[in-house]
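Next, two complexes with subunit A in common: one pairs it with subunit B, the other with subunit C.
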Partner chain A sequence: MARYLSLRILRAVAIAFAVVTIIFFLFELIPGDQAMYIAGPGSTQAEIDALRERLGLNDPVIVRYVRHLVGLVQGDFGTSSVFKADPLSYILARVPATLALTAAAILLTIVIGIPAGILAALSHNRIPDLAISISVVALLAIPNFWLGLLLISLLSVELGWLPSFGFTGWASLVLPSLALAARLIALVARMTRGVMLEELGRDYVRTARSKGLHPSVIVIRHVLRNAMIPTVTVIGLQTGYLLGGSVVIERLFAWPGIGDLMINAIGQRDYAVVQGITLLFVFGFLIINLLVEVLYTFINPRVRAV
Partner chain B sequence: MTATSDTRAPSGRSAYALGWLRQNIYLVLGVAIVGGFAFIAVFAEAIAPYGADEQNLLFALEGPSAAHLVGTDALGRDLLSRVLIGTRHTLTVALTSVAIAAMAGIVLGLISGFVRGWPGRIIDAAVDIALTIPMMVLAIAIAAVMGAGVVGLIVAISISFTPPIARILRGRVLEIREEDFVDAAVMVGVPAWKIMLRHVLPNASTIVVIEASLQAGQAVLVATALGFLGLGVQPPIPEWGTLLGTGREYLQAAPHIVISPGIAISLLVLGFNLLGDGLRDWLDPRIGA
Partner chain C sequence: MTGATEATISASAMPDTADAPILRVSNLTVRFEMLARTVQAVSDVSFEVKRGETFAVVGESGSGKSVTALALTRLLAVPPARIAAGEVILDDRDLLSLSETELRDIRGSDIAYIFQEPMTSLNPSMQIGRQIAEAVERHRNASQSAAMARARELLELVRMPDAESRLAVYPHQLSGGMRQRVMIAIALACDPRLLVADEPTTALDVTIQAGILALLRDLQDQTGTGLILITHDLAVVAETADRMMVMYAGRKVEEGPVDAVLSSPRHPYTEGLMGAVPRLGSSLHADASKPLAEIPGLVPALDRPIAGCAFAPRCSYATGQCRSERPALTTVGQDHVSACFEHARIGTSP
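And now, the complex of A and B:
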């Protein structure tokens, strides 16, 4: 177990290193003079030249790459052209909002998606099943930002029930997290329905029924436990979607997280911030995947043996 | 569709056709929806009642009427015409990106699955790494580097969609590599590239076709999301995501602006999803849900 875990952690570190390298060289492709953006409009050529020399932008690419790596390890994310400093503290200040948004989306997924899937499986081919299955197909086709626009238009502009702009209290969390979670809710409901139906047809269920166990006991104690394994996997794999989707949703709802900051930074050509947030998303995704794998070994003892 | 409305007792060949249509209803619906959008994309100018850029400020921000079936935008342009003509832009970006991703994915997947030793292992590791970058984040980062526009959008989507195809194809190629006919071809001295193209790829093509059609729906979602963020196709080109991005500013005064582009996106994605699911059920009953 310890050996398995340390191998996974080692692998995650190696991947993180590779991604840092890829992202560094991707951002090398940006045309234009970084020093000019950082110096800002109205600065003289001499000032720009001095800044470029001070930031070491004249050095060969390999020197800058190594400096970038050393900097990252020390928590140095480069120089932002907007904040005129290391952007890390500005980025980190916005992390809690993004974490709250994605956590709320995962919570909604579990609270809505899993019961919907169970309900569909237990009412196989009857009306609740059909209604849920049709909703799943629809939710998988609707873009999250359009769903968000519709929610704002109906619940915020028309009815005035919920806030839709920025953060003005916990009620602000409802619409963005719902728009972000919709696709995942559909995926989890479909997955739960599928594995539930499969499990309900197995021999152990027939045995439990024939010995007179109450159907609710069979479902809760036996079927659900087995059905949860693939569902947890789906939620884990889809956190990448949640992180990417949060950028669009944060923009739509002016949610003060790192996704909104990322799009602002792209507009202002502040590439240190864009690069830093991209890396943060990847690191976050790696850590979540690692946690899911650990969780997985706990729910599914079969993996531990391997 | 004509066959299902046929009320006469079907016999022989038509009974078979009817049964096939019923069994592959997803595929039929998917082909109909995607085919419909392809038709609109080609003949958009002829179908659209107005030009995409025809302005009439007297009728700005008007709701649905007989003259403008789904209303007008802030410059008095007919929204229906803009959505119809926009079909071409959204569909072109999605299909081009998926085609590029499929070709790149086929090359990488074939090599990483078939070639033993370091070339396969390096590609496999690279795909592993690429898969840890959330797709949307990668697409946004690439679009930021490339600058907004159609080319940047296509590069962003095709790069982020390549790794999943390579990974799925590799799995299938690993299976096929163990088949007897591959051993036979190796033994009689057929070169590796020829075995890959002539014998392995045709046997693995099903899975690529299914994955590509499911990805086309995803590509529509990513392309329109980037357009919505202002990182994709730029106004005044009436790409659907761009239409939603500009329409959002008038959400209070004219909420109808965001309705029709959103319906168009959802329908097209639904079409591609049904097409992918239908193809999977038809071509590969083993994986069927």
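And now, the complex of A and C:
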């Protein structure tokens, strides 16, 4: 187990290093002068040149790359052109809002997606299954920002049940997390249905029936656990994509999270903030994957033995 | 084995309550009703199993033997399967007319199953101790700890080395033979009167097969449970069974004491099956140098009624009558029946 975990952590570190490198060189390729944005409009060429020199932007790319790596290890993300300071504290201030949104979306996925998939599998080819399967296709086809708009116009504007803008209490979480989770709910419902059907047809289910067990006992005690192995993996892996989806959804609902900050930063050419957020997303993704793998070993005894 | 066979024969000649059948199946017919077609997998099959007896059901894949076994306690998936006719009598009760709830009390308690694939027939994510204990808990009203103690006893009974520590082991940590022992332990959990073993040794190495068969025989001697042994392996039948039934295309084509059937088969299909078994040295057929015979042709499709004898197209004895009229089961020896018009000619080597 310890060996399994340390291997995974080592792999996560290697991936993080690769991503940092790719991001650095991608930003190198983007046209535009960072110093110009930091100096701001109305600065003279001499001021910009001085700033370039001070920020070390005239050094060769390799030197800047190494300096960048050293800085990151020390927690230095560069200088934000908007905040005129280290962007980290500004980014971290936005993290709780995004975490709350993501967590709410995952919670919705678990309490809606998994039961819907189970219900569909148990009513295979009958009305509930058909209704769920059709909803799944619809939800997968609708882009989340458009679903967000529909939710706002129906539940917020027309009916006035829920707030649609910013954070004014826990009710504010409902619409954005629903819009964010919709695709994942559909994906998990479809996945759970498929895996449940597959597991229900397995030989061990017949063995369980031959013991005289009640069908509900067979489903809860035998089938669910085996069906959850791939489902947990999918939820875990898709959680990373929730972060990407949150950029759009946060913008739509004016949600004060890092996605919203990122859009602003891109608009303002604030490289340090964009880079910081991208890295945060990457680390978030890796940490989630690591957690999924740890969880996976707990529900799948076959992996634990390796 | 010979002794047991003789005992069986004399017992059925003079009915005796001690040797009354524990299970009586009559006219069992099972259909699989699918969208485009209906397949009649089992047609009008009748047989009995007596206390302590091993009754072998033999046939190729698709002959309906596994479907017959699963139909006994309605373990088939409904739909597509439908038991169209027949009775399965256990203790004067027809299992086929019981409710699902009543039937669940019988499954695992009176009738228990041992399935073919020990790899897939056990739950991969549950400790084997729990898988055995849950059968005990289900029927014995036992506490978890009492059921687990019973599970340990059962593992010892099936000669699992180091039983205590194996309780917490998962199926993938055991070899195929050990997994099959776990399956047997599950089946024996509630001292069933009838065990149904569906190809219990097919997935195992030959050396392990012998061990499992010996184990089953010993357990049967100890507990007096009846055993329905489903197999396509005539060597296994000759080794372990008292009586046998040969199935072809969903019908019983021959039934009788193992000695009688294997020494003088009265159906060309049985004869063909015997010809397809490789032998070392002496054999039931004197000519051991003869190449291994295969039965020409394929098992017929069962989605429409077959005119005449289903085996006729593959049969070297077939006559015009065989192709137009279905032969009924007729007595061809003591307790020995065959569904063949030409049964007297079998063995005359056409």
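We adopt the following convention: the second predicted complex is superposed on the first by the 305 of 306 C-alpha atoms of A that agree within 3 Å, B and C clash if a C-alpha of one lies under 4 Å from a C-alpha of the other, contacts with A are read in each partner's own complex, and residues count from 1 in each chain.
Convention: a contact is a pair of C-beta atoms (placed from the backbone, for glycine too) under 8 Å apart; a residue touches a chain by one contact, two chains touch by 3 or more.
Please read all numbers here as calculations on a predicted model, not as lab measurements.
When both complexes are superposed on subunit A, subunit B and subunit C end up sitting side by side without clashing.
Once chain A of one complex is fitted onto chain A of the other, the partner contacts of A:Gly236 are absent, as it touches neither subunit B nor subunit C. Of the two partner chains, subunit B is the only one touched by A:Ser153; subunit C is not. The angle formed at subunit A by the C-alpha centres of subunit B and subunit C is 80 degrees to the nearest 10. Using the contact criterion defined above for the overlaid structures, shared-chain residue A:Gly276 touches neither subunit B nor subunit C, since it reaches no partner.
Judged by the touch definition given at the top, the superposed model places A:Leu140 against subunit B, while subunit C stays out of reach.
Ranked by how many residues of subunit A each touches, subunit B and subunit C are led by B. With the two structures overlaid on their shared chain A, subunit B and subunit C come no closer than 11 Å at the level of C-alpha atoms. Partner subunit B is touched in their complex by these residues of subunit A: 15, 18-19, 22-23, 26-27, 29-31, 137-138, 140-146, 149-150, 152-153, 157-158, 194, 240-241, 243-245, 247-248, 251-252, 262-263, 266-267, 271, 274-275, 278, 281-282, 285-286, 289.
Across the complex, subunit A is touched by residues 73, 75, 104-109, 112-113, 115, 117, 120-126, 134-135, 138-139, 170, 172-173, 183, 186, 189 of subunit C.
For subunit A in complex with subunit C, the residues that touch the partner chain are 202-204, 206-214, 221-222, 225-226, 229, 299-302, 305.
Residue ranges on subunit B touching subunit A, taken from their complex, read 125, 128-129, 132-137, 139-142, 144-145, 147, 217, 221, 224-225, 228-231, 241, 244, 248, 251-252, 255, 258, 261-262, 265-267, 269-270, 273, 289.
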